[in-house]
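Input: structures, listed below.
Next come two complexes, and both contain chain A; in the first it sits with chain B, in the second with chain C.
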Partner chain A sequence: MSLFAASGKPAWRYVQQENIVIAITAIVFLGFSVTLNNFLTTSNVLSLIQNVAILGILGLAMAQAIIGRGIDLSIVANMAVSVAATLQLANGGMPIALAIALGLALALVIGLINGMLIAYVEIPAIFATLAMGTAAYGFVRAALLNDNLIYLKAGGDGWFKWIGSGQIVGIPSSVVLFGIVAALMHVFLHHSLPGRFIYAMGDNPLAARTTGVPVRPTIVLQYVLSAGVAFLAGIVMATSVDSMETRIARSNLVYDVILVVVIGGIGLSGGKGKIRSVLVGTLLIGTLLNGMTIMDVQYTLQSIIKSLILLVAIIVDSLVNPRDEQTSQQGDI
Partner chain B sequence: MTPAPLVEMRSVTKRYAGVAAVEDVDFSVRAGEVHALLGENGAGKSTLTKVLAGVTAPTSGEVLVDGTAVSFATPADALARGINMVFQENSLVPSMTVAQNLFLGDEKFFNRLRNLYIAAQQFLQSLNFNVDPWATVASLGVAKKQMVEIARAVRHNARLIVFDEPTASLTPEEKRHFFALVRRLTAKGVAIVFISHALEEALEISERITVLRDGRLIATGPTREFDRNRIVSAMVGRSLVNEGLDPRTRRSARAPGRKLLSVQNLSMGDAVRNTSFSVYAGQITGLFGLIGSGRTETAKIVAGIAKRNIFYGGEIRLEDRAVRYRIPRQAVRDGIVYVTEDRKVEGFFETMSIAENIAIGVLSARKRPPLIVSMADMAALAQEWTAKLSIKAISAEARVIELSGGNQQKVVIAKSLAQTPAVVIFDEPTRGVDVGAIAEIHQMINGLADQGLGVVVISSYLPEILSLSDRILVSQKGRIVEEFTPGNVTEEEIMFAAVH
Partner chain C sequence: MLSEFLTRWRYRLVPDHVLGEILSKTWIDNAIPFAILLLTLAVFGTLIPGLVTLTGFAALYAELGELIFVVLGMSLVMLAGGIDLSVGSVFALANFLTLLLFNMLGWPIPVVIALALLCGGLVGLVNGFLVGYLRLRAFLTTLVTLIIVRSIVDMLILAYAVKVANPVATSPIWDFISFDTFHGLPVALIVALVVAAAAHLFLTRLRPGWRILAVGGSRRSAYNAGLPVRRTIATTYVMSGVLAAAGGVFYAARLNAAGSDTGVGLEVLALTAAVLGGNSLGGGRGSVAKALLGAITVLIVSSSLIRLSLPTGATSFALGVVLLAAVAIDVRWVKNRSKLLSRVYVSPTYLKLPPAPSTEAGSASLYAVNDRLHEVELIGLGELDGPEDTILDAADHLYTGSRHGDVVRFIAPDYRRQEIFAHIGGHPLGMAFDSEGNLIVCVAGMGLYKIAPDRVVSKLSDQTNRSLLSVIDDSRMRLADDLDIAPDGRIFFSEATIRFDMSEWMVDALEARGNGRIICYDPRDRSSRTVISKLLFANGICMANDGESFFFAETWGCRISRYWFTGGKAGRREIVIENLPGYPDNINRASDGNYWLALVGMRTPAFDLGLAMPNFRRRMAQRIASDEWLFPNMNTGCVVKFNEAGVIVDCLWDGRGINHPMITSMREHKGYLYLGGVSNNRIGRYRIPGADPDWTGVGSYWGART
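Up next, the complex of A and B:
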């Protein structure tokens, strides 16, 4: 008898969403290279990656939450208020390193509360983080910050400024940081103990619990980690534009982050996808945004094109990998 | 001349992921007859009837209704032709009332509740069913739920009703009512397909019998040509002895070792009521009980998956230490593991490889797990366990969802055994597992007891209980009611203890 479910299905049916996105990215990239004069230059390609590095770092934080069958909607609000607090403290005369430490602590506390609410109070992640994002923004803005827009004044020409606008052998430091965070996140998810547990919980939370995975501490770790990485993304953002606009918490940046994560093939039902998926998604969105900016496409039209790309990726995935009777019983989203 | 069959299936084959669940089976039902469909767990009975009821499409072969070929795309198509299925798993909406469930799917646009309940009341009375139409389905007992399902089938003017294990959880009194109902339905010309493990019932009520084994048709004919022995030999095909399923005799039963686990007056809501038992090292404790007998709940409390009552919840002692686990992780680290009856829902990680699945088990159980997981160690572990349990797969990287049921079950078992437990609780260890793998799993379970582990096997399959157990406990309505010694107990005695 046959022991393998794979029998009778040709190999090409196993094309993953990730590969489809790689193909789309390649086509878009080639298309822009041929049609746009200034597209395929070293400086433009570098600025392309630089523009999406922050989005990518946020995507990495979001990815590990989503792989564990969660989601962190407070990621942008958390980043905005904790980095704004850091800038304001530094502007008030505090040593920059201490200001960073306090800002990071604020971010981690918000992440910790997220994790506690989800793991121990058992509120669904989508509600807990939505509420926490709004609460953190409102509370920090009202209690700690003087203004919506906090400028980077102190420490603006030292190593701190370098984080967002420096270079290493010609490569923007934000791109280098994105690469380092991606590599670390890969090691974390695939080779570390908590990383393995996150995949197990995302795949089958009940089985993970029964097997003896420490489900609750791992959930808390996820949201603390998400907050920490978001803080880093915020520092990169603040030091590259010399300010932090807290009203970014009210923008739809968080949906772009989810777009980057989901488009590369990280399923919202958890357990699926890798760090490579985030890189691929980031690259596609970066290429598109850059090309459309060179072509001077209107912002509203850009939104439409982005959403269409997401829809196409999902539709093609569902056509190429149809759900059979057995997988459809899994109750996946 | 025999009347033309109402429904006829010609050389129907159904494959799931390349594995044939039903192969080349001819099957027919005439109006007004009861056709018993018998076979072991996993023989293909449920699959065959699912094809019949339009729940799944056959891979090949054809289904004829009134002599014309049909292909049902959905159960609704089958329903429209008067084919209805009463599922083993309840298909009622628990939060709705009986009346709402009865009329589910064909309510009028403006649905006056009063009329709905009056109609439901009249309809239930016409069937002689004593069910309150205002009651929510969740509040009903198993038997009454079944009555509602049957009523729904009758209301849809069903010409063919498939009963999948209808009597499994009924009391003898309820069974009498059920059989009376079946006779009334057949007198009206309704055809019945009766799937059951209870052979006496099948012999009593059916006109024809068909026996399946491993998805193939083994025997079919009028009931008078069958007796219990012929059915059993057709079902198992070989004598139990050759299968390694010889009942354990009193002599071959293992002596109890030291007491590993003692459970006293355990209670959890209505599911587990004041139950007490012990588990000894080096012995297999068989726990037999029907659905709703609290056997799974009891096991889950012991393994920390469910929580017993805070007050008057009873006591669990591991060796000499009183334990109360909040989460399974604590039980696992104390050496108590539970191998689930539903591997898909709470057993394996489907997107992960065999190696990754087993690694999660090992990493969860280790007192001091490494922070960075070595891929080589994981691969070595997987290799060790695939060899030990002879798990068959293309490679250790194959995802578990791609394996056959038997191999999936072995992965779940390997994941638990790799945690080096002292007490292993197997809940239905061979459900949905092919015959070859059953023998291997039984052998493995025996091996564990020989190594000195405390083993508990929960099963509703009597031959499994009889062949594996050194002690047999019977649970009923949330309590352990009887203990038997193998060798001087019959299947009937065990079943008797379980139903009364």
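Up next, the complex of A and C:
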């Protein structure tokens, strides 16, 4: 926790932002419960949490990239193509475990290329991952996949299917997985050496390098980790709806993920925020999306609303963590 | 020897130095994008028959016009250090608005176009306010406006798609924009090129354009310099919005359709084009020419990929890879250009000097080491910094330059009191008085300057005629070194090297190429003109007593030559002393009709050998740090006196090397010799036995004055 004190901002500010988000979530939740008929039903709340779990897992992957002053815009594309490849391999008769291993390997390789481009070629992260998302989607779609939509046929009734649609003592397995990943991520960020390095890099990359942090390998680790977690989220998604639609690579889902991360109080300039911020952000956005879906808000209007929320979130972020003309970095777009 | 012969001709014929000079030009930044364009044409030209023909290109012209608008907007934003992803949506919005206002409502075309552009400008204003004034992150912010505007367009299309497709009125202007061509070029492309030309003028010739480059180059410095950083940034987004809208208007004119895929992915295309053309992410580096190059390349790539009808995904794979490659090249180039330049800039050539004459003490050599300079008086010890040359006026005051850009004056008769006579800047080197008592000074890094007796400094010359085939701009003077004044008032001065600045003058020795020259400044018409070029570090200049010629020293060539600038032998050049044991510097007149010559350093066999081995010196310059390089010896030197025939008649050494190890100049005045050194902290004063106690340099040039 001392890392937060070292970042120069009083701790109450984070607590405050988190509390505000929690309060807003509660108000929105109550408001929807009162005004919407089908909102506060067991099945709806379950589906709400289930939908949110995928967003949350992606948010966890994104959070550790943003905390290290990076960003991973290829996360959704990577998830879509690697899981679709897994399903296609399994449908073709390959043992499911081997298919998963190969799909994971594909995801990790894409993450590795991301990391190399950012750490060693020194392409800005936002740019490298944007282009890499396009390139990876195009490559896998053209070289490996037969169709945009890949169905889950083989292994659909075993343990594999359970990952996305099973239950443990009444709790959906996807939510359990979200919790496990969140706990692991917390331990990684706060109690492991690479995790501490990520905070140090996000706080001040030059100072981190000067003090001997292996900045480049740590950046590579971040994007490989992000790819791995994204693959897990993709498996959860595919097994809960029995298919993987690769065209989500080109959807706005990745901005929902950023929204989840930023709104919880993880600063885009890095070094700030923690796993709890992601949990809080996930709850708020999940509630909003679910409510809007029940209200049957038009999809385009939904994206306008989400975008406006994201805009407000970035504006608040820039007011809480202002950038100074004297210290802002050149080329920091 | 054959190998020696080959080496000599290889270095005489191959201009190695041109590579480094080309790399140091700013236009080299355009070379890579241009090469990429040629490569693209070669690759797709072979894949798609008929692409590289006039008709093949004509199919792309209209699209190219639209893309140029968008890429120009993106480049302007990027130049100021931002990024504008909303261009694709603004493009679609303008397209839709144009069709809505004209086809559905039948408004007049000028109003329609104005409103569409205004609308694009408003979206740009929102971006500009958020990014410029609120200082949000450009990438995310414009991404959000991209989604919002795109959603609005989608909702509008859902509601009005059918109604906007069929025009209720016709307009000759609209038909002109839609269908007419001028010499085969569609209106869209012509307007785009005109706008591009205007944008070029704006960026390179107008103050607001410079501000954009300044903010992008260093936001902090621009802020500290008092530029309106936030307003400048906001303006670029407004311009980008208007330009993207203009692209959308022409798109509407061309296709007359509003689909939900209009302008989708255009932002990535425009970004790829801007970066591929060589506009740097992060700002400050880029131009309109780069934007055009990038736009052409990207359009050829994307339309060729469509024509090749590749499987789903292959096109986006190719675009993603091209984008990554373009950024990677850009990032590495920006980072490593200066490293590459410093590796290849020093380009040694072959120079074979004859064996150096002996200087052994006690030998019969004319240059034999002695210790006659040991007993000099010291002037300004520890108070001077780099008195390269000295001179005395009619009132016996002593003048010298300093590394701080001052001309310092020591007051006669005891030279204990000093004052700053004038401040010029640069590093004042050689000095001479003209017939009116003005002090003429060669200033390293600045040129030829005049200090009037009332201390007013004025520039005489800082440029000469540019030589025809030089890559670097050799009209500017980098290292004016020494001068002398002819009886008719013309000033002949040397520029030691055109390739290096004062701080690295010794690196020129590693090249041993004729980088120096002698320039004549004519006060009658104030013109400057190069008289002799390709000299091996042109240094000291001294008018001969005949008034028709001057002696000049070539430091790395270890020789003294004489050049007749007027009279019967005008234009002739003769070598007077062929093989000195050291590196000659300034030359000045002596009271007995001979000439003093300073040797700034003595030759060493190792460096002489190195001069004949250019490959060795090149490897040295490329592979090891500059403080490990083998340089000529500059730690010991002497003063010699030679007569008009080039025979050495006297030699003065500071054999113990305590007071004057390095001597760059000496000036005789009333029986004394004043010694300067470019890296010394003192001036020496040596009594010359038997010298005329009334002789002065000024008198010898301009006659005795009272």
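The working rule: the second predicted complex is superposed on the first by the 293 of 333 C-alpha atoms of A that agree within 3 Å, B and C clash if a C-alpha of one lies under 4 Å from a C-alpha of the other, contacts with A are read in each partner's own complex, and residues count from 1 in each chain.
The rule is simple: a residue touches a chain if its C-beta (ideal position, glycine included) is under 8 Å from a C-beta of that chain, and two chains touch if they have at least 3 such contacts.
Because the structure is a prediction, the values reported are computed rather than measured.
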First, second, both or neither for A:T210, with chain B first and chain C second: first
First (chain B), second (chain C), both or neither touched by A:G271: first
Touching partner for A:V169 - first (chain B), second (chain C), both, neither: neither
First (chain B), second (chain C), both or neither touched by A:L193: first
Partner chain in contact with A:T134 - chain B first, chain C second, else both or neither: second
Touched partner set for A:V34, first chain B, second chain C, both or neither: neither
Chain B versus chain C, judged by how many residues of chain A each one touches: C
Chain B and chain C footprints on chain A, overlapping residues: 325-326, 330
In the complex, chain A residues that touch chain C: 117, 121-124, 126-128, 130-143, 145, 148, 252, 255, 258, 268, 298, 300-301, 303-304, 307-308, 310-311, 314-315, 318, 322-323, 325-326, 328, 330-333
Residues of chain A that touch chain B when the two form their complex: 1-8, 187, 191-193, 196-197, 199-200, 203-204, 206-216, 271-272, 324-327, 329-330
Residue ranges of chain C in contact with chain A within the complex: 81-83, 130, 134-141, 143-145, 147-148, 151-152, 154-155, 158, 218-220, 223, 229, 268, 280-283, 310-321, 323-324, 327-328, 331-332, 335
List of chain B residues in touch with chain A within their complex: 16-20, 56, 303, 305, 327-329, 331-333, 338, 340, 344-352, 356, 359-361, 363-365, 369-373, 375, 392-394, 398, 401-404, 407, 415-416, 419, 434
